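Chains: A, B and C, in written order; residue numbering restarts at 1 for each.
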Amino acid sequence: MALLEINALSVRFGGVAAVTDVSLAVNSGEIHGIIGPNGAGKTSLINAVTGMVAAHSGSIRFSDKEIAGVAPHLISSLGLGRTFQHVELFGDRSVFDNVLTGFYRHQSYGLLAAAFRFGKAGQSERKTREQARLLLEAFDLTAYADTRAGLLPFGIQKRVDIARALAAEPKLLLLDEPVSGMSESEAEAAVTTMRKLAREHGITLVVVEHNMHVLMNLAERVTVLNQGRLLASGTPAEMQANTAVIEAYLGDAA
Amino acid sequence: MTWRIILQLALSGLSIGSIYALVGLALVLPFKASGIVNFAQGEIVTFGAYLALILSGLGLPYLAVVPLVLVGAAMFGMATERLLIRPIANQPEFTLVIVTFAIGFIIKAAIRLHWQDNTFSIDAPFVGPPLVLGALRLNPAYLVFILGTVVVVAALFLFFGYSKFGKAMRATALDPIAAKLMGIRIGSVFSAAWALSTMLGAFVGLLLAPVIGINPEIGHLILKGLVAAVIGGFSSLGGAVVGGLLLGLLETYAGAFFGATFKNLVPFGVLILLLLLRPQGLAGASSVRRV
Amino acid sequence: MRARVLLILAGVVLLAALPLVATSYYLYLVELAMINVIVAVGLNLLSGNCGQISLCNASFMGIGAYCTALCTTHFGLSTLIALPASVVVSALLGAALGYPARRLSGLYLALTTLGFLELVGIVIEEFPEYTGGIRGLKVAKPDIFGLSLQSNAALYFFVFVLTIAAVVVGANVQRSRYGRAFDAVRQSPFAAQALGIPVARVKVIAFSLNAAFAGFAGGLLSSVVGFIDPPEFGILTSIQHITFIVVGGLGSITGSIVGAVALTALPEALRGVQEYAELIYGLILLGTLLFLPKGLVGLAARLELLRPARPLTEPPAKPTAKEPVYGAP
C-alpha cells in the first residue's frame, strides 16, 4: 500500500483546468520526483494534496485515509508536510522562532496553561526550545538563530523552510521547487540533505522540480506532468529516454 | 394600509436611499481604482456641508455654492490621495484602514474646533412646502435627492462608458499593471478616482445641508453607505446604487411597520448577515478572499 | 538584560509607592492609564501579533463594564466574582464574533467588527432597564471579601496588582506557542496550515482573548469611575485603542504599555489647549502611521535605546568559508 495515492485527480480554477486526471503513487521511504515544464500543474497538484486548494474530482489517500476535502491543518497533522517555492517564512521573526513554530502540533498545553505559565507549559517550552536548537545545528543555521528571517539570502531561507517543516516531524514531505534560486553549490548541498533525510530519517520525499538535472540525481521514481496531465512515469533513466518527455521539454532549459 | 401610504413610504425610502446610494458610490469608486476603502467618507460629507456653510456665509446663493464646493472637494481629494494615501499604498490593509479613519478624525476635530457642536443651516431653492400631486404630498427635497442621484449615476455611466479617461479608469481597476504597460498614467487615475469620490461625498453634504442641518455628526451616515456598498458587493457601482436604494426602502418600511428600534437594527442586521453569508453581495463575483 | 530587569523593578516599586505622594486626581489618572495598558496588551495580541483588525474593541470594554455593574449593583455580588464573570462573558462574546468572522479578512473583517460595534451600541440604548440607556449607569465601588474599597490607596493597589497580572499573562501568551501561532497566522496563513496550525481556530482564540482583556479592563473601569457612560464605548474609543498600539509598537508588549501610558497622559498634557486635544490626537495617529510604522518601540530600537530581549540581528556578513555541506558522504 502506497503512503500517498492520488487517483484521477482534477483541479480547476474557474474554467481553467490546472490538473486533469492525474494518478500517481508514492511508496513509503521513496524519493519521488514530480517534474514538468512551467505551467504543468505541479504546484496546483501540491496545493490540492495539502488541502490548500479544493480538488474538483478524484481521490487523494494518505496513510490509507482519504484526505481530499480535508482542512489543510488536519492534513498536516496526519504527517504530511511541505515546503514552499517562495519560502513563506515568518519574515519578521527570528530563524529560531520560525523553526520553533514548526513544533506547534507537538506541543499540547492549553491557553490557560500558557497564560499562567503552569508547569506543563514551561516544561513543554524548555523541551521544544532544546529540540529547535538541535534542529538548527543539524542544518548549520545556528549562526543565524537570532537573525530576522526576512533578511536572509534566499538560499538560506530555503534551508530554514526545510528545517521548519521537519520540526513538525512529517512522514512525507512535499518539497516545492527546493533548489530554485539556489547557486550550484547550494543546490548540491540541498540535494545531499534531502538524500540524508530520506535515508537516515526515513522521511518519504516528493520533490517537485522543473529542473530535470537535479531530479535525475535524486529521485528514484519520477512522474512527468505536462499541461496538467500525466505524461509519463518511471525511473529517471526511463524518463530521460522517453521521447514524449523530451519533446515536452524542447525549448525549456533543463 | 392604503396605497397612498405605501407610495409615500416608497418615495421616502427611495429618497433617503438615494443619499445612501451616493455615499456607497463614493466608497466603491476609490476601492475599485486602488483597492482602498476611504473610511473618512462620512467626514467628507460633513466637509462638503461646512464648506457650503462658509461660502453661503459669504453671501453666495446656493446655486453658486454648489459648483464651488464640488471643485474645492475635488482638489481636497486629489491632495489627500497624493500626500497621504499614495505613500502608504503598499502597507498592510490594517494601516490603510486606520489611516483613512485618522483623516476623518482630523477633519471632524478641525470642524468641531471651529464650529463646536452647534447646528447651522443654509437656504436652498428646493426646501419648501410639500408639493401636492393628486393624492400624494411630496417633499420637494426628496425629489431633489432622487433626481440628483439619477443625474450623478447617468453622468458616471456616460463617463465610464464613453469617455477616454473613464475607460482608462476602468482598465486600471481591472489590471493596474496592464494599464500601466499600455501607457495609462495610473497615478492620475488614482487621483481622479479620489477626486470623484470626494466630490460625490461633498455633493451629498450639499444636498443634506439645507434639509437636515449642518453639524459634525452628519458623517455618521457613512455606515449606511458601507452597507449599500456591501450589498452591491463592493465591486459594482450599479450594485452600490441598488444597494443604497434597497437599504433606504427596507429601513423606511421597517420603521413604519415595526417601529424605530427595528428601523435602527436594519442596516446592521443586513450588514452582518451579508458579510457572514454572502460577502460578495447581491451583484459581486464570488471572489472574496476566504482564508 | 540585567539592566532591563532592574528598570522594570524600579518602575514597579515607584508605581507602588505612588499613593504616598500623589493626589487623588493623579492616582485616578494613573489608574486610567493602567486600565488602558490592559486594553492595549489585549488588542496588540489580536491586531499586532495576529494581524486581525478590530474596530469594536470598545464594545468588549463596554460589555465588561456593564457585566460588572450588573453583577455588583443588581445582584449584589462581590467584585471578585463580578470581574471574572465579566471576563468570561466577554471572552464568550469575543468567540461568538470571531467564529463567523474567521474566514474574513481586511476590509470585510473591519466592516464586520464595525457592524458588531453598532449592534452593541443599539442594544445598550434599547434596553435601558439593564443598561440605563443613554443616561448611563451608576456602579458601586469594588467590594472584596465584604470590604468596600473606599480609600484611594486601596483602590489604586487593586488596579495596580490586576494590571501587572494582566501584563504578565499577556507576555506569557505571547511567548507561548499561541503567540507564535498568532504571528504565523498573520504573516503566512499557508505556512501556518502546512505546520498543522488551525488558522481559523487561532483567529477565534485571538478574538476571544482580546475580548477577555477588554472586558476585564472595562470591568475595572466601571469600578474605578463608578459610572458607565455609553458614548465611551463607540468607534472613537476603538480608534483610540488602536492608536495606543500603533503609536507604542504593534506586536510588542512594551509597545502596548508605552503607547497606552503616553496617550492617556497626552490629553492631560493638553489640558491647556483642551479644544485642540482631539485634533492633535488625530494628527499623532496619522503621523505615526505615515512616518513611524513600527511605533515608538521601533523608533527606540532604531536609535538603539532599547535592546529587545533577544536582538534581531543582521545576517553574518560572511557565514562560513565555504558553503556548508551537511551530511557529507
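The rule we apply is simple: contacts are C-beta pairs under 8 Å (C-beta built on N, C-alpha and C of every residue); 3 or more make two chains touch, one makes a residue touch a chain.
All values derive from a computational prediction rather than experimental measurement.
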Two chains sharing the most C-beta contacts: A-C
Reference chain B; chain at largest CA-centroid distance: A
Geometric centre distance via CA averages, chain B-chain A, whole Å: 48
Mean-CA-position distance for chain C and chain B (Å): 33
Chain A and chain C, separation of their C-alpha mean positions in angstrom: 38
Multi-partner residues of chain C (at least 2 other chains): 199
Chain A residues within the chain C interface of the complex: 50-52, 71-74, 76-77, 81-82, 84, 88-94, 97, 100-105, 107, 109, 111, 114-117, 121, 124-125, 128, 138-140, 143-144, 146-148, 151-153, 156, 164-165, 167-168, 183, 185-186, 188-189, 192-193, 195-196, 200
Interface residues, chain B side, partner chain C - complex: 31, 37, 84, 87-88, 91-95, 97-99, 101-103, 105-106, 108-110, 112-113, 223, 226, 230, 234, 261, 264-265, 267-269, 271-272, 275-276, 279, 288-291
Residues of chain C defined as touching chain B within the complex: 47, 51, 53, 100-101, 103-108, 110-112, 114-116, 118-119, 122, 126, 189, 199-200, 236, 239, 242, 246, 275-276, 278-279, 281-283, 285-286, 289-290, 293
In the complex with chain A, residue positions of chain C that touch it: 169, 172-173, 175-178, 180-181, 183-184, 187-188, 190-199, 205, 209, 310-316, 319-320, 322-329
